[in-house]
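Structures given as structure tokens follow.
First chain A sits with chain B, and in the next complex the same chain sits with chain C.
Let's look at the complex of A and B:
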């Protein structure tokens, strides 16, 4: 029934596709989360132009199909003289799409921090940005980790769409192998397993990370304690 | 000079239809301890929050040591907001809900604004924090997380955080109202020390006993206006206006119930 030989013969090729998917996704997230943070802050900005541009960006990328965005990036950018390899275009599209969702998650996280926190930071003389950096965003982090993880997982799955613009990532490779072998079952099982393994790994890491943050608040910090103790003993 | 330490001039503030401040003016001398009382919604918290421009008034001015605080333009210039932040750093504010920072331990709560706003180095900020935390009785708790503190401890931490900035004025917005009765004393005793040290303070409170004992002046507000002001004991024992009489009667009735 299953032709096991196919797993062995085509594993290197499939893994090469997986490697490209991994690279694209890591870059898209590394670009997308900071961009999302900027957009979230931009949306709250007092400067009308900045908040308008940020809001427009978020709404456009949230409310259009990703595949259309990919086509637009792929076919329209060259018109403006920007000729990039397909995997670069795909990474940019994925980062832009992801950043819109990341932005909304981060914005919701910022809003979830009680108002008194910002007030106390401003009342002690912090600028808006100092208050964000020292008081609000650190508290946002533990709130946004679960939804950010979710969004990351779905971004990894969306990356399959880049196969439509000739990016030789995992899905594209799968399609090619299936074209050679006419064994869709074996091929797409391999492809599915790799996506699943990647997502499961990320989900597990993020769960650990989340737990660590919660735990550090129960037991006390590790990095500050040495200096604090030293001073504490001096005073007694 | 001494009489012009803090001046509030003709403050107006409306929230929609509700008038929170209606032409409130107040002169505060250095070292003066002023208690503000009044029914809820009378504008007493708003008054406190306009002093450091946390709630900018619609009209009016705040002067601290001969310098104008804040600006009525809806968008402050970079220079104006920088000045405002400098003023704020020197006006310690304490909130009813404490608003300590839960992601920082006790020591770091007191250190952070010193390093970020006052630009002190970490060692200097830490030794100052430890000294002040000792004064408010939290030296055993420096590595604790705020979530593990009682309400009274949180409020003492909030006071320590403000004191670390070397404020010349303290604004306290119902500092004991969110506390269980048995925890009020520990916060009041910290405030007592501040009074004895000559700190200038504006305190919104319902603790009339404390106010009459330690206040230089008591202000009764209602409907966004200062209705009566004067020496606390005098005002409380012989209220001139029916509104204050009614307010005090209500407070007495509720305190009998305890």
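Let's look at the complex of A and C:
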């Protein structure tokens, strides 16, 4: 009952869709992480307007379904005279959606660095920005990587929703092949397996990477500071 | 074109009806998934069978590794191939339940790990075992520690229901599509829908704090 022929006949088409999914996700992450960093810093800002705007951006994008954000981007941008191809709109929407989550992850990472670090950096004469760049952010890196990986995986999955605005990514291609062949089982299994393989690959690579970072932190001469950090956490 | 807010206001009564359906779908799907996940958790802990764990790991990995949209399509388009013809509503609920159950199982595993092993031992020494052990002692503690992630998962389910519009379930998203399909004012109508979704999810996610407080008192 399984028609293997479909796997071979439509593989090039499906893989083309897969390639577009990859490109969109990579662009969305490349746009989303810097924007997320800005939002995270904005949320901690002392200017009430900036922190209010960043907070509401984050909360609004985290508390609505991605599909309606996509539709709004798709209809609102032309409404104000900005006509873009669906791929670009989709990438922008995915970047905006992702940045709200990235911002919360980065904020949590910054909060996890002991307060004394910022205070001592300020005490030796660094400006706020220098302290952030040279002291705080490097320390958040190892805290932030596991949740960032999770969010990346979730962006790959959310990108399937872009099929609703006619972006020819993996899911859309699957739907088109299904329309031609009327074999939903073969097509959607193929699509699901591709997503699954991509996610598992990234998850495995990042797990290895995490281990390396942990190792380099543990074996370095900074053993004292890491025990100090643990102690600080206990007393708080 | 200008943003004409009267279209938003005109749409609101029907949008609220749609929101009501969305809420029903979300509550039904989430409840079923919690029941399923609880059963899985109990079975996993008491069976301790390698095959069961392997199948479970496979299931959870598949659900977490593929988009929920593809899972919805799989349930809706593929089950009829095997002679199981579900309506869009049932298929949607089934897809959401299967998806959410995987996440809830993971949450409950975390919650269960936080219950001290002494609780099992103490119950056993009092002669409590089987159903009573789970219902009276272990599950309440598991659920109370899992409140924040469970509430978070419920908002995830609430947001996922919007995808059911693609398999023609008439919930909030679908209703708004029907409205702007008729009056050609997508921006105004979708803005209204956007606000309604935001309010629903925001209220639910803030309720976590209230629930936590309520159950903390009970525990002490």
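We adopt the following convention: the second predicted complex is superposed on the first by the 218 of 236 C-alpha atoms of A that agree within 3 Å, B and C clash if a C-alpha of one lies under 4 Å from a C-alpha of the other, contacts with A are read in each partner's own complex, and residues count from 1 in each chain.
Just so we're on the same page, contacts are C-beta pairs under 8 Å (C-beta built on N, C-alpha and C of every residue); 3 or more make two chains touch, one makes a residue touch a chain.
Keep in mind it's a predicted model, so treat the numbers as computed, not measured.
Peer 1: A:130 in the overlay: touching chain B, chain C, both, or neither? Say first, second, both or neither.
Peer 2: A:130: touches chain B, not chain C.
Peer 1: Where does A:67 make contact in the superposed view: on chain B (first), on chain C (second), on both, or on neither?
Peer 2: A:67 sits against chain C, while chain B stays out of touch.
Peer 1: Touch test for A:116: chain B only (first), chain C only (second), both, or neither?
Peer 2: first
Peer 1: For A:46, decide between first (touching chain B), second (touching chain C), both and neither.
Peer 2: Touch partner of A:46: chain B, not chain C.
Peer 1: If we overlay the two complexes on their shared chain A, which of chain B and chain C does A:139 touch? Say first, second, both or neither.
Peer 2: Once the two structures are laid over each other on A, A:139 reaches chain B alone.
Peer 1: Using the superposition on chain A described above, determine whether A:158 touches chain B (first), chain C (second), both, or neither.
Peer 2: Touch partner of A:158: chain C, not chain B.
Peer 1: Just checking: does A:12 make contact with chain B only, chain C only, both, or neither of them? Give me first, second, both or neither.
Peer 2: neither
Peer 1: If I apply the document's touch criterion, which positions on chain A are contacted by chain B in one structure and by chain C in the other?
Peer 2: none
Peer 1: Enumerate the contact residues on chain B facing chain A in the complex.
Peer 2: Residue positions touching the partner: 52, 54, 75, 81, 85-93, 95, 97, 99-105, 107-108, 112-113, 116-118, 122, 126-127, 130-131, 134, 139, 142-145, 147, 158, 161-162, 165.
Peer 1: Given the complex with chain C, which residues does chain A contribute to the contact?
Peer 2: Counting only chain A, the residues touching chain C are 59-60, 63-69, 71-72, 75-76, 79, 153, 156-161, 163-164, 171, 174-175, 178, 184-185, 188-189, 191-192, 195-196, 199-200.
Peer 1: Which bits of chain C are touching chain A when the two form their complex?
Peer 2: Touch list, chain C to chain A: 1, 3, 61-62, 64-71, 73-74, 77-78, 81, 155, 159-163, 165-166, 173, 186-187, 190-191, 193-194, 197-198, 201-202, 205.
Peer 1: Mind listing the chain A positions that touch chain B in their complex?
Peer 2: Of all residues in chain A, those touching chain B are 46, 114, 116-117, 119-127, 130, 134-135, 138-139, 142, 217-218, 220-221, 224-225, 227-229, 231-232, 234-236.
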